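Look for chain A in each of the two complexes below; its partner is chain B in the first and chain C in the second.
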Partner chain A sequence: MNALSPTPTKKYDLSFARWVYRNVDGGDRLALCMQCGTCSGSCPIGAQMDFGPRKLFMMIRAGMKEEVLSSNSMAACVSCYNCVVRCPRKVPVKYILQSLFTVAVREGYAQSVDSDNARFARAFWWSAAKFGRTDERLVTARFYFSYGLSAGFKKSMANLAIAKGMVKAKRMHLGLPHTCKNAGELRKILAKAAEIEARHAT
Partner chain B sequence: MTDKQPQSRTIMVVGGGIAGITAAVEAAEAGYDVVMVEKSPTLGGRVAQMNRYFPKLCHPTCGLEINYQRIKTSKRINLFTLSTVAAVKGSAGAYTVTVKTEPRFVKPNCTACGDCAQVAETAIADPFNYGMKTVKAAWLPHTMAFPMRYVVAPEVVRTPEGERIKAACKIGAVDLDDQGASFDLEVGAIVWATGWKPYPAANLTAYRWAELPNVITNVEMERLASPDGPTGGRIVRPSDGAVPKRVALIQCAGSRDLNHLGYCSRICCLASMKHAAYVREQVAEAEVDVYYIDLRAHDKLESFMRRLKADPQVRFVKSKPARIEAGAEDNPVVCGENTLTRDVYAQPYDLVVLATGMQASVEGDGRLAGSYDDYGFVFTEGETIGAGVASGPLDVSMSVQSATAAACKAIQVVSGVRG
Partner chain C sequence: MTKTLSYYPGCSSQATGVHLDTSLKAVMSKVGITFREIDDWNCCGASVGHICSGHVPTLALSGRNLAAARAAGPEDVVTPCAACYLNTHHTNEEIRDKPEVKAEVNEALAEAGKSYDGSLHVRHICEVLVNDVRMDTLKSAVTNPLTGLKVAGWVGCQTVRPFAATERGGKWETYDDPSFLDDFTKACGAEAVPFKGKTKCCGGSVAVISPDKTLHLMKDILDEVKASGADVVSTPCPLCQTNLEMYQPAINQQFGTDFNIPVVFYSQLLAVAMGMDAKADAGLHQHLIPPDAVLSRAK
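Let's turn to the complex of A and B:
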């Protein structure tokens, strides 16, 4: 697990901002943000975000860790890359949001942990790590039932027609999940990756 | 200070804009021979293309007139128009400069009567008006041209039209056999006053200047507002000629943007405020919105900004617009986030003006001056002397100061004080 980010305790506390600059992907360029608003103005779903990227970045600088990590802004990003292409300071906005999302999930902020994105990512990772492949039925089922039994049923029924169509078009198979060759090797690789990540997190 | 005495006491000034003119007259009036090389057919440069200067809103023709007089009365200035520097050899004190002159097809005895233009038919895009209108193939570059001489376009030279142009000249000033020239000059110092060009607005794809007729640039706005411009000084929409009631001025269109110009062009803030003043002067009911990241109105220029801020019909919006969309009736729609209120807006306008920045405009292979900064501006150090916007974004008054300083450095070089 990553080290927990520091929580500012006093006024003008830069500890969280500095931690973000160092530990978040693209954070080094975040320091160059000049608050022009191009990112928020370019964002197709900015209206659904608690805070647009520009404001979120200013809040990071202001040490508002709780408000930043408990916002829905990171999970709401649809990765359209308009902000990345247009940013006059070449701040990789989308990557920063993505990385902050990971931080929020690891630190247990419900808005991110319970988001659709995080649920789907967990289902996807479970399948990829277990079989070396993604199995459409199992990933979908895990994703749907992560919302609870009755919600899972409802979601499954609502998408039954699509599933049937996919089976008919041979885009979804019936039977045992596909697996990759040498699953043992894959597990070794993943174990090594986890070890490296743990080392970097300290 | 070097022991070597300079072999030539002549100073070459490359570029005939306000900086080049200033450097040349300052050096000449101090008693030094000056050779001026200008790429276009006339002196005046970008300044001649301006409607008015900020902050006093006076006309550039006035200052140009005075400087032209200084050139005319000086016996020491030798001017080569339509000329560029092709090569520089040697070092400070003893340069050999190869100058290449393009043919003008009009001899110095031209009286600028305009008979040739009467018979010319071929229309060519007018560079003086940034292609917003056309001129006939025999034309006077602009009303303040110096030298006051017509130019014949190379396109018509070997055509019957060319012959008609030649026949129309009563004093035989049209010379269709003009081949141009290439020659070497010995000079002791070179002042690079090669100036600037507007950053290409077509590169700012999100602002769609190339597609939307009512999105124009700041230099085009200057021509629109100029009495000798394509509309005779009336600010109108290019699409339908209507008087704009809602105008947006967008700052930092290209400047302060690592995808375009990584630096602040320094003049655009005041230039746009000047444009707001143009619009307010011409259209009483017009409302003007200025979109900005930061307003850079330093020292004496701040009072101009205060004057505009006091106008209830001029609104300053802190935001760099994200994009411009096509709206109904050819109205561009400016979209972005107001960074003070966090409102996301989509505002239609009659006319949108992009404050495109200044880019170094260098000649030849672009490395002749020897020393350049990371952005391509001439960097004054050692033997290299830059003047005006060739050395970085400056307004007119700062360009004149820079050019005077450059003339002083050049004089030090050719008099052996500085090597």
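Let's turn to the complex of A and C:
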């Protein structure tokens, strides 16, 4: 990935970095990153990322918006928070990645929008917002079938043994979804919250 | 000691982690803690809620729960789930420390005539057991010591990593080498074996979503369990318990291993050690891999 590395001869465009400093949750601390690499070295899934957090942060400072937002790094995060607790400059690394993930999804970058993680997130949010609770059965089914009918069927079959075991252990129920009594109230709150979120995005 | 806490069980308490909820409530009844469940609580968004919804809607989810908890009283909010703890704690700090976030979350809550001022404390139930209940109370409630049981204490990542200090400055734990889980094991009269995978991550929600990307993480943990000679793994996290248990057949298939290691919650061990019923109180019948070494020691 050396071809994408910032070079001293390239003119840096700080507008993306400044946007991240101002608009991303925890982004104000990004300026303090000293490129020590503790985050990337602590990441259990770093080997699967196009760029580890250290490199990604340098690329943000170098104005490489396209390369940052089209990478798979944000979608690969497993949310272990190793990077957050170990950063000597208290940069909330995972929180910054998660906000960049949201931006990449919103702006339609394929590695984010079509990622397993975003597909699952859409199914998950649907359940949380509709019922006020996560229904693991419906979330999983919606997630599997987001890949199409035959892929969804194949994925469902592959996990049938686990599902049967969970039902038998009474850790997956067979009735209607669990819901909040007042899911309608929650939906009103979330609709307003989405409106506020949209104000930030513009 | 008697104490009432505002209880946020989280969605897993009604599904994959129902045996955590059952055993925890049983143990609490023995150590003077009363749970007052948050009225009509909702999902916290877990590790993925923010991805397609964004920052403010995710804060609004936990904001509604915190508003309901505050309306019921000033007691600390407590949760047994790692992700619930992270999200609820983070939302609480954001509302408490950032006036602009407080204004926005309250603007959303106002749609339902609710508000929240950030005045509660959000805690993990393990931290309450360590600092409020204390180990000597747990020990003195043990009537059926689990003598000879070898336990690998797997804390996982999210439970301790972000919050190595409590808000009130009490002793919690370091994120790299926490000892509380082994202390619970010892309180049960069991043996806490040295275990190198203590705070390793199983992949969390990504393990559920894309197991192909995370089976190697769980295999590493199971290798360490095997090397430790433990009969059983103990964990505080509902997702850790489910992932490490349900993926053992897939791991065996991919790596040619023969893992069949039971994974239980610390609260199930405590319930059995406190002489309670293996099924009704400890939920030990709700495993995909039966924890025989624990069941055989139950009264």
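The rule is simple: the second predicted complex is superposed on the first by the 188 of 202 C-alpha atoms of A that agree within 3 Å, B and C clash if a C-alpha of one lies under 4 Å from a C-alpha of the other, contacts with A are read in each partner's own complex, and residues count from 1 in each chain.
In this text, contacts are C-beta pairs under 8 Å (C-beta built on N, C-alpha and C of every residue); 3 or more make two chains touch, one makes a residue touch a chain.
Worth saying up front: this structure is predicted, and the values here are computed from it rather than measured.
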{"item": "Clash or fit (per the criteria above) of chain B with chain C on chain A", "value": "fit"}
{"item": "Partner chain in contact with A:Pro88 - chain B first, chain C second, else both or neither", "value": "first"}
{"item": "Partner chain(s) touched by A:Tyr147 [first = chain B, second = chain C, both, neither]", "value": "neither"}
{"item": "Which superposed partner A:Gly46 touches (first chain B, second chain C, both, neither)", "value": "first"}
{"item": "Which of chain B and chain C A:Tyr21 touches, first, second, both or neither", "value": "neither"}
{"item": "First (chain B), second (chain C), both or neither touched by A:Lys55", "value": "first"}
{"item": "Residue contacts with chain A in the superposition, chain B compared against chain C", "value": "C"}
{"item": "Which superposed partner A:Cys36 touches (first chain B, second chain C, both, neither)", "value": "first"}
{"item": "Partner chain in contact with A:Ile196 - chain B first, chain C second, else both or neither", "value": "second"}
{"item": "Smallest distance from any CA atom of chain C to any CA atom of chain B, in Å, after fitting", "value": "7"}
{"item": "Touching both chain C and chain B, counted on chain A across the two superposed complexes", "value": "82"}
{"item": "Complex contact set, residues of chain A against chain B", "value": "34-42, 46-47, 52, 54-55, 82, 86, 88-90"}
{"item": "Residues on chain C engaged by chain A in the complex (per definition of touch)", "value": "11, 14-19, 40-43, 45-57, 59-61, 63-64, 86, 104-105, 107-112, 114, 157-158, 161-162, 164, 175, 200-201, 203-210, 213-214, 217, 242, 246, 249, 285-288"}
{"item": "Residue ranges of chain B in contact with chain A within the complex", "value": "206, 252, 256-260, 293-294, 318-323, 335-339, 342, 344"}
{"item": "Contact set on chain A toward chain C in their complex", "value": "25, 44-45, 48, 76-82, 84-85, 98-99, 101-102, 105-106, 116-122, 124-125, 127-128, 132-136, 140, 143, 161-162, 165-166, 169-173, 178, 180-183, 185-186, 188-194, 196-197, 200-201"}
